[in-house]
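Shared chain: subunit A. Partners: subunit B in the first complex, subunit C in the second.
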Partner chain A sequence: MDFLGLESYLVAMLTTVGIYAVLSLGLNVQFGLTGQINIGIAGFYAVGAYTAAILTTSESVHHLGGFGLPFVIGLAGAVLMSALIALPIGLVTIRLRSDYLAIATIGIAEIIRLVFKNEDWLSNGVRGIPGIERPLAGWLGTNAHVTLAVVLVVLAVVWWLCERARVSPWGRVLRAIRENEQGVTAAGKDVVRFRVQAFVVGAAIMGLGGALYAHVVGFISPEAFMPLHATFLVWVMLIAGGAGNNTGAIVGALIIWLVWSGTELVTGRLPPEFATQASSVRVLMIGVLLQVILIARPQGLLPERAPRAVGAARGRGK
Partner chain B sequence: MDVVQLFVYGIVLGSILTLGAIGVSLIYGILRFAHFAQGDVAAFGAYIALSVVVASGLPALAALPVAMLAAAGLAILIDQTVYRRLRGASPVILLISSFGMALVIRSLIQLVWGPHNQTFASGIQIPYRVGGLVLKPDHLLIVAAAVALVVGLHLFLTRTRMGKAMRAMSDNMDLALVSGVPAERVVMVTWALAGALGAAAGVFLGMDTRLHPQMGWSVLLPVFAAAILGGIGKPYGAIAGGLVIGVAMEMSTMVIDPAYKPAVAFAIMVLVLVVRPQGIFAGKVL
Partner chain C sequence: MIQIDGLSKAFGGLQAVDACSFSVGKGRVTGLIGPNGAGKTTLFNMVAGFLKPDDGKVVLDGEDVTGLPGHVLFHKGLVRTFQIPHEFSRMTVRENLMVVPPAQVGENLIKSWLRWSKVRAEEIRVRHKVEEVLDFLSIDHLADELAGNLSGGQKKLLELGRTMMTDPKVVLLDEPGAGVNRTLLGKLAEAIQRLNEERGYTFCIIEHDMDLVSKLCDPVVVMAQGTVIAEGPMHDIRANREVQEAYLGGGMSGRMGHHHDVARQQAAAQAATLTPREAGA
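On to the complex of A and B.
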């Protein structure tokens, strides 16, 4: 591969990793900090992508809108919409243990997928929404480097906010809920409220990831949100990187994306009669990898580190 | 369409969901985690039956015992190789592991049997007409076989030592263990039963509709809705839960787009979680 080809490949790859890292950070707020299981990542991701697409594309008879609004408004709308959808789900299931939430998120993701697939007036059904502009295209042009820069800036902001949240009293309460719910209740905290907040914040971050995806790819359809690929890869990324560690979430996204891309090298060598099955071979390998990580190193590459205890002197560690 | 006709379809679907939900409930009762690969174990059973049907030319129902054995074996294999190593970890980890396992099984199915739709028997079945009702022979077979399996399970749980040990472990784990219940053997039998019943659900679903690698995942939500409605951890509740969800899903097509059938199962589940999270039969609140 010549240098330019390699460079554009790297730029595209890092852009994708950036989007997955945003999703992984969203899951880290829910699972890493609070211990909530969300198997419906693809649902919130799709809501974000469609919201951004509908808000920012130019007017079309094929779907709702488009409203031709600026990129930033699209991002804000995506965040808001995902949060609005997560809120009732959170309110209903969060009093119960994480298993119920997990099942409910499967349901909500499935329904979201069905809506985007069947409601032509809203999303143009299976034909999807084309013509979504690159981020800030009107201002900075459609250069792939600009797109990458925008994704990385958003990622950096999300990481910084998540990291602030983690060490804040809010994050401390979430971790305390994960470790000992009764204790937190006894300490007088409104556990239900904190859990709903964590779920909604995580879903909003996933919606943001979806919006970025829509702008990077330029075309979205229900096919792009195969529930499992998005949800599953993000889970493997967070577990591999280290649940509870925001930097781990990003490192996990990078490494697992490299592994995922690497599996293509393996499937490329398959005999032609298996060529159509390449994606299932890849999922199979990543699925086995997840089991190995869960058994051999459940804390991930960068395990969660407890923030410095309140009052401890600087530099004396934990 | 006729209300009674849809009701009949609902009973058929309900029988299928019941078998899946019993498996989920048994596993939850003994191992205390929601097994997300149950649907894909069921799909695996269906595909094994397909291979038997293709190789032998027998009808799908005749392939059922082979499918049930194979799926029971698969369930035990998964447990012994993966879940057993995670038993000390939190149920959350087991749940994620089972989600990953679901994808592993589905990928294997797709690799071995291909990604397209398949059916057990080509051609059109000649339906019986009873009054205004149209009954397909397969529908009758599905319901009859499901009833036979549930009765068999009932006898096993109430009449055999192993069945009693399972119920004891589900009711009170610590008490059962100090009473000398062989925990690992009970766990193994639980997986075998859940796998076998799941395979039956898969084969029946394949007879009722078609086989597809995604079939297991697409019934997972209604199966869990049925288990929760019946009271999770209560295999008998799963029967009621399965029938209610099945009938509701089919009857809903009178008023809403059939594409949204899964949403009906979801809506009922959410309603149960809000109103009576322990389910109709006072199962465990997770």
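On to the complex of A and C.
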């Protein structure tokens, strides 16, 4: 592989990692901080991607809109729409405990995907929405480096917001809910309100990830929002990186995407008659990796650490 | 301070609390005792808003608060602890306490993003308050320890500490002494007494340790089979026949045929807990 080929491969790979890292950060708010098991990441990811696509593409007879709005409005719209969809879902499912919430969210993600698959007027059904411009293409052109830079800037902002959220009293209440809900009620906090907020904030971040995906790839269809890529991999990333640790969520996205891409090299060496099984073998390998992590290092590569207490630096040297 | 009036709760066919009435006087330390299964914790759960009563009324400081959720009652000055400590295991002792103060600015996520200097200033205030509480309970050396690593007794102190992070009117303590060693128990009793005398907290305490009850509580309310069977100062309670029978198992021993002697022995052993043990044991 020549240098330019390798470089463009790396740029594309880091862009994908950046999008996954955003999803992983969204899951960290829900699972890492609050302990909510959302197995419907794909649903909010899809809502964000379709919202951005409909808002920013030029007018089409095949789907709703497009409204030809700028990239940034598309992102904001994606965040808002995922939050709006997550709010009623959160209110209905919030009383469900862990495994029941998991089952409910799987169902909800499938419903969302099927709506996009079947409602032609909205999303052009299985034919999908093409022609989504690269981020800021009108201003900075369609250079892949620009796309990567935009994704990394968005990721940095999301990381900062998540980290601030984690160390704030808000995040402290969420972590306390994860540890013991009744104890939080006894401390005078409205647990339901905080749980809904965490669910909505996490879903909004996932929607933002979806919007980035739509602009990076340029074409979306319901196929892209199957649970394997959009939910399962994100979970492995967060658990591998370290649930509860925002930096871990990003590191996990990087490492697991490298491994996932690496499995393609392995399955590529299989004899041609196994070609159809190859994709399943990749999933199997990631599944085994997840088991190994859960047994050998359940806290992940970067375990959760208590936020340094505000004002602790001054005074006593600790 | 609290009037409990005809409070009832059934779980399926089991009438856990049956038309229970008594009151907790302002500035007093009221003890709530009774054999296992008498319905004490269920009663606490209803009073503190963790369980909806089937029937009856709870009046807090003149206001009907029946059926209000626990987090609302907290803001009305009614705070509780749990029989089994409900600490936040994977958070430090300091963080466990910092969760408690009501209406923190930084509990609003948007304000934590946009008004950090304000949040920060408040965090520093809350932190000082934590240090005061840890000093009071003399567990300041544990501030940065994960709460899950504390001993059972230390967790009980942490539970009590959480009630001190706000300014409650009434504190319901569910078996603060259970599983706590003698030395720590002395510390706990002293803390409760000081909070009562120096800060005017009203307490209602469920406790099986009769030494602790007679040391701290006046009056003492006795529950058996879901209702109040006696109420008064500890020395009257000790002499009360009905109370002794409740602990002895009521008329059961008479109906147990050839197990009669065994039942008698068990009953005598239980009754012994009603009489004060020698101090310093």
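Brief remarks on what is shown
The working rule: the second predicted complex is superposed on the first by the 308 of 318 C-alpha atoms of A that agree within 3 Å, B and C clash if a C-alpha of one lies under 4 Å from a C-alpha of the other, contacts with A are read in each partner's own complex, and residues count from 1 in each chain.
Assume contacts are C-beta pairs under 8 Å (C-beta built on N, C-alpha and C of every residue); 3 or more make two chains touch, one makes a residue touch a chain.
Since the model is a prediction, treat every value here as computed from it, not as a measurement.
Look at subunit A after the overlay: subunit B and subunit C fit there side by side. The superposition places the C-alpha centres of subunit B and subunit C at an angle of 70 degrees about the C-alpha centre of subunit A, rounded in steps of 10. In the superposition on chain A, contact is made by A:Leu96 with subunit B only, not with subunit C.
Contacts of A:Ala187 after superposition on the shared chain: subunit C is touched, whereas subunit B is not. Applying the stated contact rule after C-alpha superposition, one finds that A:Leu294 touches subunit B and leaves subunit C untouched. Contacts of A:Val201 after superposition on the shared chain: subunit C is touched, whereas subunit B is not. Once the two complexes are laid over each other on the shared chain, residue contacts for A:Asn118 go to subunit B alone; subunit C is not touched. Contact with subunit C, but none with subunit B, is seen for A:Arg164 once the two complexes are overlaid on the shared chain.
Superposition on chain A places subunit B within reach of subunit C only down to 11 Å, the least C-alpha distance between them. Looking at the complex, you find that subunit A touches subunit B at residues 35, 37, 39, 92-93, 96-100, 102-104, 106-108, 110-111, 114, 117-118, 228, 232, 235-236, 239, 274, 276-277, 280-281, 283-284, 286-288, 290-291, 294-295, 298.
Partner subunit C is touched in their complex by these residues of subunit A: 161, 164-165, 168-173, 175-176, 178-180, 182-191, 197, 201, 304, 306, 309-312, 318.
Residues of subunit B that touch subunit A in their complex: 33-34, 36, 82, 85-86, 89, 91-93, 95-97, 99-101, 103-104, 106-108, 110-111, 114-115, 213, 217, 220-221, 224-225, 228, 257, 259-260, 262-263, 265-266, 269-270, 273-274, 277, 285-286.
Here subunit C touches subunit A in the complex through residues 48, 50, 69-71, 74-75, 79-82, 86-92, 94-96, 98-100, 102, 104-109, 112-113, 116, 119-120, 122-124, 127, 144, 146, 162, 166, going by the rule given at the top.
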